[in-house]
Amino acid sequence: MEQILANGLYLGAQYALIALGLTLIFSLMNVLNFAHGQMYVFGGFVTYTVVAQFGLPFIVGLLASAAVLAVMGGLIEKFLFRPVIRRSKREESTMLLAAGIAFFLDAVILLLFGEKQRGVPKIVNGVLNWDMRIIMPYDRILIGVLAITLIASFILFMQYSRTGRAMRALAQDRMAAQLMGVDVDRYSMIGFALGAMLAGLVGGLLVTITGINLGMGGPTSVKAFLMIMIGGAGVISGAIAGGFILGMMESVGLTLLAAYGDITYLVIFATLMVFLAIRPQGLMGKPWG
Amino acid sequence: MLSFENVELYYDHVYALKGVSIELMEGETVALIGANGAGKSSILRAITGLRKIKSGRITYLGERLDGRPAADIVRSGIAMVPEGRRVFPLMSVKDNLLMGAFTRTDKAGIDQTLESVLTRFPRLRERFNQQASTLSGGEQQMMVIGRALMAKPRLLLLDEPSLGIAPKLVQDIARAIVAISRDEGVSVLLVEQNSRMALSISNRTYALSTGQVVLSGPSADLMHDERIKAAYLGGEL
Amino acid sequence: ENPVLKIGFVGVTSGPAAAWGISNQRSMETRAAWLNELGGVTIGDTTYDVEIVPFDDQKDPKRAIAGMEKMAQDGVHYVVGPNVDDGAAAVRPVAEQNGIMYFPYAFPKELYTPPASNAILGMVANYQSGPAIYKHLMDNSGVKKVAFVAANESDPLSQRDGGVEAAKALGLEVVSDSVTYQVDTTDFTPVLLPVIQSAPDLLVLSGVSPANAPQLIRSARELGYTGLISTETAQDATVLTEGAGELANGFISVGGASTPELASDAMREFVDRYTKMFGEYNDESNTKVYALEYILETLKANPAAIDDVEAFKSTMDTFEAPNPFMVGDAKLTYVGSTSFGQKRQVSVPLVVNEFRDGKFETLFVAQVD
Amino acid sequence: MTAPILQIKGVTKRFGGLTANSDISFDVAPREILSVIGPNGAGKSTLFKQIAGFINPTVGEVLFKGDRISGLPPHKVARLGVVRTFQETTIFRSMTVRENVIVAHHLRSKASLLGFFFGSGQARADEADFARSADDIIDFLGLQSIRNEMASNLPQGHLRALGMAIGLATHPEVILLDEPFAGMNHDETMRMVALVRRLRDERGLTVLLVEHDMPAVMKISDRIVCINFGEKIAEGTPSEIQANPRVIEAYLGSEDAAIGM
Amino acid sequence: MTPVRLIGVGAYLLGVFALVPLFIAVTGRWDFYYTLTSVALLSVGAAGVWLTFYIGRINIGQGAYALVGGYVSAILVVKAGFSFWATLPLAGIACAIVSVVIGLPILRLRGVYFAMVTLVLTEVARLSALALPVTNGAKGITSIPLPGELAVFGLTIIPDFATLANPKLAFYLMAAALMVVTYFVLWRIVNSRLGHLCRSLQQNEELASSIGVNTAMLRVLAYSISSFFGGIAGAVFVAISQSIYPSSFVVTDSVNFMLYCFLGGLGYVFGPMLGTLLLYFGWDLLSIAKQYQLLIYSGSMIALMLLLPNGILSLLDKKENRQ
């Protein structure tokens, strides 16, 4: 039991961090960023390159991931999403763009980093074994704690900083935000960069544990979609809740349903569909109009 | 303080303003009245840069305003209460008000303005930490006016502050506008459908029709103008 | 200037599963460039330059059909690929209608058993290597209880089912065979928890992709599992080192003949050339180097087969040539009579490796018939 | 008084902890114009939504010609003849004015969807009929000049008129207008007031409306119901309501010449 | 129909049924048959997606219905001995029925929620195909016979594909015919009252219901027609590849269906057809770019989006405006 909870918590922390970036971008620009998973993979490869190829410390790799992805996110917003949003009649059109970017990043990652699975050495060794009730390697604990710290600082940033407030305002009413003197273009770009940066950070964090490969992008996006659906799209608290709930469901499901074969995810999906049928806007989302 | 010279504004191919010239002096309250679609809101949008004008000039304190980005214009001391309130629904009253002071960086000054806004609208103090979407329409309207005041503007633009508000609250809002202009020396440009109220609380009034100014003059005079009476005021209340 | 002999490749070289096809295509291209450099391949009276015609099917069976059609259009009669079950099954009608022999890296028996006749299994199937490995471990390590985990996808699941069957036939106790995972899993601890709790002596990672293998190994070890871990798919030593480090020591997998004990000079040169051409070698190519070799050698044995696959088929039954990649007098032959009732499989050596400190060591070598 | 066409019986609506309507009852006579007034957030729109079937009452019921309509889905309520317009300007944005009104004739189609698909004679007859009727309504509301304008380009006032045109196209017996005069100036408001009266007089409609424009409300209404904090606090003729101290206290406020009200 | 339109339709039919085979016979590019067959079938699926867009729903779940349709046809042919021709409509109908059951709850969702749920639906279909016994799980169903003879009162309408010298042509003609019928139906829907109602739904559901439109019914109707198309496309693909696996239609396929619609233009009935043609053919043509194929493919997709964010057919609009 304790083990299931611990696993769920660890998974939840990393999931929540992934979902945060996605939901931030969604709330600011109403863009469902299909390329989120690829950004995560890119982040992982950046850290890998810095740590395993250049032999620099892990923290440098992590910072590099954050920086590279932030710049990438900013550029993508400025040169791709902004003009398309401005000119398209239906806002769903950005989905084609996002999917195109996802394919493009897949191609770039393959050319830059190759097709192989990559990993970096463990950052800490050893396994916490509490009486066989909780078994948790130290590096996982460290990553979990880091993820939670990042989530907390993100929340604080959004809640109390001037930039955070501006982004929240932007997400709720673009025009009104503009009238408050918020430079909407600039803050959209910052928001997108921040979202991409979060994706990159998770990639960098997880490369020490799961390693990274080209194939992780698409499924990661789908999972992130699941989380923000559970919690409510465009709502930060919802993304966090969604991440932890999915983490827990996975952890519990995999343990309880193991005996029945290949159905954990089927059950999770089915539950989700029933849940959404009852509560169409997710846990905390605003009703969709 | 603010002047429009021959301003034209288009939405796609439809014109909304066709050679509009208006003026507003320091400390004045000017009302814009007119039928639906006359172009009143468009004037405000042109000032704040939400819409680009096609030709003409807009000057503010001697400087050219048109062509500058909205954020920049707000910084120069113009605050607007848009049509339909546009609160930030998921933010607290406090954060909504603080957003109003977004362009300011003087911490102490902001606190001081906040205090004065809360004193002016005591209801907002009661609801300080409540989420804005749960406020009543009238409370929301007060909050957005307060939010505009947080920028410590020299010019306040109000777009139909009485829209959808119960009569009693409309009275409160009208009093607040008068008080703001009187106490803080803020110039006010007021767009209103409630022409009687607009004429009563403004110094001067422009009447618009299909993108053009058709009548203008001191409000007190226009109040008795037969054309205005017929078109905007109706006979009796 | 020699005339050109076109050999096709239809497989996945982009997107998430790119790794599977890329090592395939690259090993073909490396070998082709090498042969051309040596002056080409002489078949009958003509010396050809070998050209590889690749087609990326994006792991989509519908695209794979298009790829096969393109091969037919280009007059290609010998194709390596596709890399997955559904693609291999989908291209079958096209291959049979257009007279194309193809070498899938997919295990469904229907592809190789009559009436199917144009597909040749390009490697050792798990239902062949599995029993050999389990038997070896039963005899030498006293394994009694096995557990299986597989990804929740067609190929791994059918490999798992084959493995379970084989284990049961050997009299092993299968303690867990229902646990599966999504390929995108980032934390295998919850997945493996129930498996480890069933206390197996041997944990089989059925059809595990090189990407998932290190993580699974690591999670199993971190959960305190001390028994043996094996898989029937090829793995890459670098990936294991990076992903699991010394936790992967003792991990058993199937590979080609590139372990120091087995590799011939040709194999070493191949690895060398591959590395030069593409920057980095992939140990999975150890098994994937063979298909092209088989095609060319069979054509040499019967030049009439160059545009007549029936001739190719009739040659297969008696074909034999030296295996250049392995020391000793190993042979290239077609096998598969036992499994498929006809010779529709290349006889690559069944080299079972053990991972130790960043390298593979040969555990034992067997032959499939 | 003739038998009421609409009866609101003890309607209570709770959203979580919030009681938006609390035990509201009143009757509406055929061909009556009845206004519902009350402060912002008093629960007026909520009441309308319940009458039109958009939300279900927590307690209580709504009867139309003696039959219960609360609990039915909106399209069924509309089919029976009770149709609402929206507080927010709600129209089909990327259709022209005329298309908006034509589409809104849906309820009157006699041909089946399959008939429309294959272009049966009945379907063609329907189409022609709708077009004619749509033009009638457009003329009636004085929207001729914007007949072929894209709805998204219209100013507020026209949007409201269009909203009403859409409502009329369904040929309702009872129409619920939610703030139909908002955003109109006095002149326009009075024109609309006249129109609404003509609707009643010429087409025999029963009209319920929510409005904050007191001069208009006083002028147009046969009766007024005032709601405060979800409870009905007064019901009566305009003059009764105007003099009702509870209404003045809660809603109207007392006159103040300084601000023209 | 105006004469201009009549000529257009005539030219289109001529092109599809006569010029394409002629072109292939002349150039000898027999592989184009399969490519064009795929385009035709995928555009049938995309037509369904487009219809859901038309009622204001982003549908990323068409892959699920293609898979269901494929399995229904495969199972009926292999296990129950049905003729392929009988399974074709049955596959469509089965999908329509499934979509009603699934659609009733999920069509209440809007915007990204609906989009994401349908995306999940594709995964659900794959996982179910893996888990259910009737689908033969991971092993898939293989060695499915080619479509047999279709005879009415002893009169052979369509010969047994296995006896044909060129089944490729037969498959092409079948797929093209399906495509033509599908787009005719779609065009009729859009240009009849049903289409107006769908548009009303797309623009404002509340208002639509206030004018008496049974929105729930209409949504489900549109969605089931959409799924019908998906099912048929899936069934024919299975007949061509003579096999089906749980991975035969996956999330990528669902996403592609949606992309075809976007690229062609959401505002145009024939958008999805054009989108499918371009994206599918584009990929094939780019195979000369070797390892840069995906890079160039996705790069051009992005560029197209930047140039024509409302789809390729929005070019037509511009011309009209200028006139």
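Chains: A, B, C, D and E, in written order; residue numbering restarts at 1 for each.
Simple rule for what comes next: a residue touches a chain if its C-beta (ideal position, glycine included) is under 8 Å from a C-beta of that chain, and two chains touch if they have at least 3 such contacts.
Being a predicted model, the structure only gives us computed values, none of them experimental.
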| item | value |
| --- | --- |
| Starting at subunit B, fewest touch steps before arriving at subunit C | 2 |
| Intersection of the contact lists for subunit C and subunit D | E |
| Remotest chain, subunit A as reference, centres from CA atoms | D |
| Greatest separation from subunit B - chain, by CA centre | C |
| Rounded Å distance, subunit C centre to subunit E centre (Cα mean) | 35 |
| Inter-chain centre distance, subunit B versus subunit D - centres from mean C-alpha coordinates, in Å | 30 |
| Centre distance in Å when subunit A and subunit D are each reduced to the mean of their C-alpha atoms | 46 |
| Interface hub residues of subunit C, defined as touching at least two other chains | 14-15, 152, 157 |
| Multi-chain contact sites of subunit E, meaning residues that touch two or more partners | 127, 130, 252, 291, 294 |
| For subunit D, residues that touch 2 or more chains besides their own | none |
| Set of all touching chain pairs, with the criterion as stated earlier | A-B, A-C, A-E, B-D, C-E, D-E |
| Residue ranges of subunit B touching subunit A (in the complex, touch as defined) | 48, 50, 69-71, 74-75, 79-80, 82, 86-91, 95, 98-100, 102-103, 147, 151 |
| Interfacial residue positions of subunit E with respect to subunit C in the complex | 29-31, 33-35, 38, 127, 130, 137-140, 142-143, 146, 167, 237, 240-248, 250, 252-253, 283-284, 287, 290-291, 293-294 |
| Of subunit A, residues touching subunit C in the complex | 3-4, 7-8, 10-11, 14, 52, 106-107, 110, 114-122, 127, 129, 132, 135-137, 140, 206, 209-211, 213-220, 222-223, 250-251, 254-255, 258-262, 264-265 |
| List of subunit C residues in touch with subunit A within their complex | 14-19, 22-23, 152, 157, 176, 178-184, 186-187, 189-191, 193-195, 209-211, 214-215, 222-224, 236, 238-239, 242-245, 279-280, 282 |
| Subunit D residues within the subunit B interface of the complex | 38-41, 87, 153-158, 179, 182-188, 190, 212, 214-215, 250-253, 256-261 |
